[in-house]
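Letters A, B, C and D mark the chains in the order given here, with residues in each chain numbered from 1 onward.
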Amino acid sequence: MRSPLSEAPLAALVAVLAPALAALLLAVLPMVRRRGAPAAWICLASSVASLVSAGLLLAGQLGEAEPMAWTTSWLTLDGQGLGELGVNVDGISASMLVVVTIVALCVQVFSVSYMHDEPPDAYGRYFTYHALFLFSMNLLVLAPDLLQLFAGWELVGVTSYLLIGFYYRKPSAGRAALKAFWITKLADMGFILALAVLFTSTSAFRFDAELSTPLANVVAGLLFFAVVGKSAQFPLHIWLPDAMEGPTPVSALLHAATMVAAGVFLVVRADPIFAHAPDTREVMLVVGSLTALFAAGLATVQTDIKKVLAYSTCSQLGYMVAALGAGSTLGGYFHLTTHAFFKALLFLSAGSVIHAVHSNELADMGGLRKRMPLTATAFIVGSLALAGIPGTAGFFSKDLVLAALEGRMGWLPYVALMTTAFLTAFYMGRVVLVAFFGEARGKADHAHESGALMLGPLAVLAVLSLGVGYFGAHFAEVTATGEYHLHFGMTPAIASGLALGGFALAYAVFGGGRDASGVGVLALLDGAARSALVDRTYEALYRHGMLNAAAAIGWFDRYVMDGLVNLSGWLTLVAARSLRRLQSGFAPDYVFAVVLGALALAAWGYLS
Amino acid sequence: MTQADFMPLLLPLLAVAATVLVIVMDLFLPERRGASLGWLTAALLGGLLVVSFYVPTTGVVGDGVFVGTAWSVFFARLSLVAALLAVLGALEHVERRFPRRQGEYYALLLSSVVGMLILPGARDVLLLVVAFELMGIPLYVLAAYAKSEGMPLLASEEPGSGKKSPAAEAAIKLYLVGATSTAITLFGLALVVGVAGTTEITGLLGDGPLAPLTRVGMMLVLGGMSFKIGLVPFHMWVPDTYQGAPTPFVAFLSVAPKATGIAAFVSLFVIAPAAHGGAHGPWIAMLLVLATASMVIGNLAAVPQSDVRRLLGFSGVAQMGYVLLAIATGTSEGLSMAAFFLAAYVVTNMGVFFVIHACAAEDGRHDLASLAGLSQRAPFLGFALLVFLLSLAGIPFAVGFWAKLYVFLAAFRAGYVWLVALGAVLAVIGLFYYMQVARAAFMKDDASTGAPAPTIGVGLRAAVLLCLVGVLGLGLWPALLFDQTADAGTSILETRAP
Amino acid sequence: MITTIGFGLLAALLVGSALYVVRATNLVHSVLGLGVTLSITALLYALLEANFVAGVQVLLYVGGVVTLMIFGVMVTRRHDGIVVRSDSANEVRGLLGGGGIFVLLALSILESDLPSSPVGPAPSTASLASELLGPHVVAFEALSMLLLAAIVGAIVIARRRDFGEPRQDLVTRARAAREALRVEALRAEAEAPSPEPAASDAAEPPRADEALPSTDGSVPAQEASS
Amino acid sequence: MTLTTCLLLASALFSVGVYGLLTRQQLVAVLVSVELMANAANIVLVAFSHFTASPLGQVFTLFALAITVAEVAVGLALALLLYRTHASSRLDAAKEMNG
């Protein structure tokens, strides 16, 4: 039976082309762009069109429509197609498309109000970039082969550069944008080389190329290098915290659901290649676990609310990569989906807070629960989901990830991710307690709740953060990435226990304001936390264990990892400066270079 | 010879006629002529371009001194496009700065184009050398065109006591390196031709193993011709000349002679060895060495530059290193990818130079600060600049992406794995300095400098627009260009002079 | 035998004169030395039975190039009888480059299998002409284009009329310079009672006026020949 | 007089030209050295033409002569320009642009 959605490729084309059209329109019609509001409406309209198309596509896939593709040969070489241009609709791309478009639309609606104080031309420019970004992302998601995926991948990089550097008057924003672009581009060279290897051996760029194990290891390894850059894995994660210079909705878009997730999506998409690359998967497992733990440690000591979320994103991406490394494509992909919703929720509610108090620093917040009850609720929901409290979306996906790790590599990754779960709950608890409870500090006194345009997206995302976890089985079926079943063993129990423990520790340390009584779970733990013995144990654990460890990790990150990047930049500059001295400006020197060059060439000619 | 014999030479002959026409019109036009000569030249070049598409100009002239193939036609079109853009971009500048020397400017440009139209099809060393020089000598003159800037004004001023003319310095550096290279080339060719006893390129290497004099001679030629392409260590004139010569001319200098020089390289170091039996001469290794040195030094030296033209000069050195990788493969695939790269480079690099030219400070500075706030002052130019820079950096949907991808693919297939990896890493450095330029235009405030929006004439605007259309159009649909380059690449190794 | 002696003599003269050319400290002598070298080369061509080329060498090349060069030296020197010195530097570079090239070329020449006597009769001038106008006629035509371009180019660079190109900053700079000279002269008159420097300073402004470039392109002849 | 000795003589002239090219500091003097190098190339061509009894070398020589003349003409014009703008015909006067 033909599905009523047999025009799936048409819908897919709409999903890709609507934002492209919007971006083009805004680019060539400066008078529309400079007026601001019309630009926003055009951008929103195109996003709605994309979302509707994406919804139709996903419904079609759920309704047993066959995967379908519409492609045209992009180039030919030696008479054969070198690359395919078009759209490829299957469970994986349709589900990702829905996630991307939902988050993008939420972020754009939020931005309408958030960016309202910008001058009209900047406002228009902002939405032009957004439309361009959605186009790039959809192009990437619907790519029928690796070449188009790469094209989208690079475009996403360019647009993120524009978006992160949106506040062009801030020098730090320019630097951060450049750093983000540059480091991800460095990693992209792995992608180019992977394409070259793949094309040389198979004359195509297919996701499901049949490769021998050694070759698959090479291709997958090179692709993974690109993933390390894009998805901010250790040691190329250094650009992500800096990228928080962009407007907060941009962070929600780039660093929650879309750009950083593209790396994980690539691994999911190219699963057939990765499946033949066991060695690369082992590396992914190690890198993912390490990133998760490392970034979670860093998140505990940040004082900037966006930086906490940034490191948290690194950490959660580590989860996904570890799951993919362990061979659980479903786990990694499902966590990507749930994380997209609750991290976007967290970033947007953080944006709402920042909008209200005009500061990123946790020290300037406090007691916001009373002044912004809806935002506070949204943030708390997001935190619970991120921490993986049972019942929230994060619980289900994290459970899949952890279950996949059982027994791998002497349980080390398992232990690392369990520890991360504990740390996650701790740092989120800390942010919640410091920002929303206790006494109002600084400008937080005058904060007031944001408008409906900002709260609406929060509500949508909050519902999704709570509810999407129950659809795991459907998700597994439509994406055909694995069998889904809920575990009722030790793993979820331990994870939940650790999450609660993390919140408890946060409460013990930061919950002094007694205002915390409103939150049930913490109130329950309140008595225990006050007992002298537990108090001292927590104190010792916290002060001597965790703070020192986090400080050490922070030092390593600041001075060694960032330092290495700066060092390589510095070495480049030194080399460049010494080359400058050769360029003396004195014409006889130039002639001498020519003669020496010709002499060397002739000598080679004579000797060979 | 019959008329048909000369058909392959139709384009250069028409270009000679155009040159003469411009010189004659220069004599007859009244003093107040505006930019009419420039428009005439542009129209003539446009006409030539149309002719190249509608009149078949393939075939063999004489005893095979000139062979018209898809390859030579492709390069002819490339030079014509570059010249057309260069004339359009220079219209206002020439009219304003050199009102009394307009005719000579365009005549010299056209005569250089004549050389470029002959060179790719030349299958005779004599013709090749003459065409190479015909291409080169007008460039020395054009580099010195802004000569009156910095001239002494008053008799009481010592000569040279004013601002030193950058034009003289730019031209002299180009000239000295060029004259030295010509002498070296001539000596090397004398040895090769003497041993071979023929001037036909296909017989240049003789039969059997290469004689020592042939090897040494060919390497001297390699060294002598490398200067035109700007390969390390023959590149040192590049940044200085780019900085001192009139910018619209530099746009031309940075692409057309390089592309045509590559075609000459192909004649001598791919076609001649192929006719010799495909033996890999000693130059393959040296081509790779030159390519590597150019990629490394060009990319590194561009990093600390603050004058955008110098930066682009070094970046051009690096880009030619990438092309050489594809040339060194010696396969028709590699050649077609090199041709693609060059075509992409023509539209992209000229575009950057035109934007830089439009934004240059009144006192002729072209540093990064002159671009500050461009995206606010002139959004069209800012957008165009960003697109061109992204194309140079090899970002998708700009034609430069395909160019770099193709070259890497070709080199990878030929087994230059490590060079491709090195090139990829260096491309990241390239991205860094291109983005420095973009950052100056997009992320710096113009409030501090308060510079007004650049005024930009019709010709320059048209040139930028054409480049933009080329970069984006070919970026979205590279097959248009790719089919042509594929034909060109296959045609060159199949056609033999009789 | 005669040719061997003649060749040896010519070779010695050729290398000797060439060395003089690159070592002479007086630039005019150096250029005249080049004329000698090129003439001896013409003799060598005659010895190699290339009479036409020898004729061209003497009539066009020696005449043309050396005259041009002398002209070049003369216009780029001050007309006060001072010898134009051509100093040399970077001896090490020169020896390295020149010596290296010579060793390399000599080695490859000695390694080659070259004929020691002509394999046939010397090519006639007629055969030269048929080559030139036969297969190489295209190159010949291109050459005429090349010479045209070179002449046009040389004139464009060398002619002085372009000083009159109307350039805004040129005029303003000239005004500023004239004003500065006037102020300088006034101050010199006011401050320095010593007659001599004041007199020489006061002589400047009128000259500056004369030499101001006029927009119609005519420039006073004595300009730049201070 | 053999081809070998002729070529050795030409090489010697070429090397002397290179020596002058690298040591001379004045534009005209450098041009003179370049002339020596080009002259050496012509000797090679004429010598080959003589010993292989082929007119090609001589034809090439004529072309080379014309090319060199054209180049010298432009070079001398540039020397004149250098003198006008920099008050010197020494090459070290023109090193404003570097780095």
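Everything below uses one rule, namely that contacts are C-beta pairs under 8 Å (C-beta built on N, C-alpha and C of every residue); 3 or more make two chains touch, one makes a residue touch a chain.
Since the model is a prediction, treat every value here as computed from it, not as a measurement.
Taking contacts as defined above, which has more of them, A-B or C-D?
Between the two chain pairs, C-D has more contacting C-beta pairs.
So which chain ends up closest to the centre of the protein, judged by Cα positions averaged per chain?
Closest to the centre of all protein C-alpha atoms: chain B.
Roughly how far is chain A from chain B, going centre to centre by Cα mean, in whole Å?
42
Centroid from C-alpha atoms only, then distance chain C to chain D, rounded to Å. What do you get?
11
As a quick test, compute the distance in whole Å between the mean CA positions of chain B and chain D.
Chain centroid spacing, chain B to chain D, equals 26 Å.
When the centre of a chain is set as the mean of its C-alpha atoms, what distance in Å lies between chain B and chain C?
Using C-alpha averages as centres, the distance is 28 Å.
Any chance you could list the residues of chain C touching two or more other chains?
If we look for residues of chain C contacting two or more partner chains, we find 90, 93, 97, 101, 104-105, 107-109, 112, 136, 139, 143, 146, 149-150, 153-155, 157, 224.
Which residue numbers or ranges of chain B touch two or more of the other chains?
If we look for residues of chain B contacting two or more partner chains, we find 126, 130, 133, 137, 140-141, 144, 147, 151-152, 158-159, 171-173, 176, 180, 184, 195, 199, 212, 215-216, 239-240, 304.
Of all the residues in chain A, which ones touch at least 2 other chains?
580, 583, 585, 587-588, 591-592, 595-596, 602, 606
Considering the complex alone, what residue numbers of chain B touch chain D?
Residues in contact with chain D: 125-126, 129-130, 133, 137, 140-141, 144, 147, 150-152, 158-161, 164-173, 175-176, 179-180, 182-184, 186-187, 189-191, 193-195, 197-199, 239-240, 243-244, 304-305, 310.
Could you please specify the touching residues of chain D with respect to chain C in the complex?
Chain D reaches chain C through residues 1-9, 11-26, 28-29, 31-33, 35-36, 39, 42-43, 46-47, 49-56, 58-59, 61-63, 65-74, 76-84, 89.
Touching chain C in the complex: which residues of chain B?
9, 12, 16, 19, 23, 61-63, 65-66, 97-101, 104, 107-108, 111-112, 114-115, 118, 124, 126-127, 130-131, 133-134, 137-138, 140-141, 144-145, 147-149, 151-159, 162, 171, 195, 199, 211-213, 215-216
Inside the complex, what are the residues of chain C that reach chain A?
Of all residues in chain C, those touching chain A are 90, 93, 97, 100-101, 104-105, 107-108.
In their complex, what parts of chain D are in touch with chain B?
14, 17, 21, 27, 30-31, 34, 37-38, 40-42, 44-45, 47-48, 52, 54, 56-57, 59-60, 63-64, 67-68, 70-71, 74-75, 77-78, 81-88, 91, 93-99
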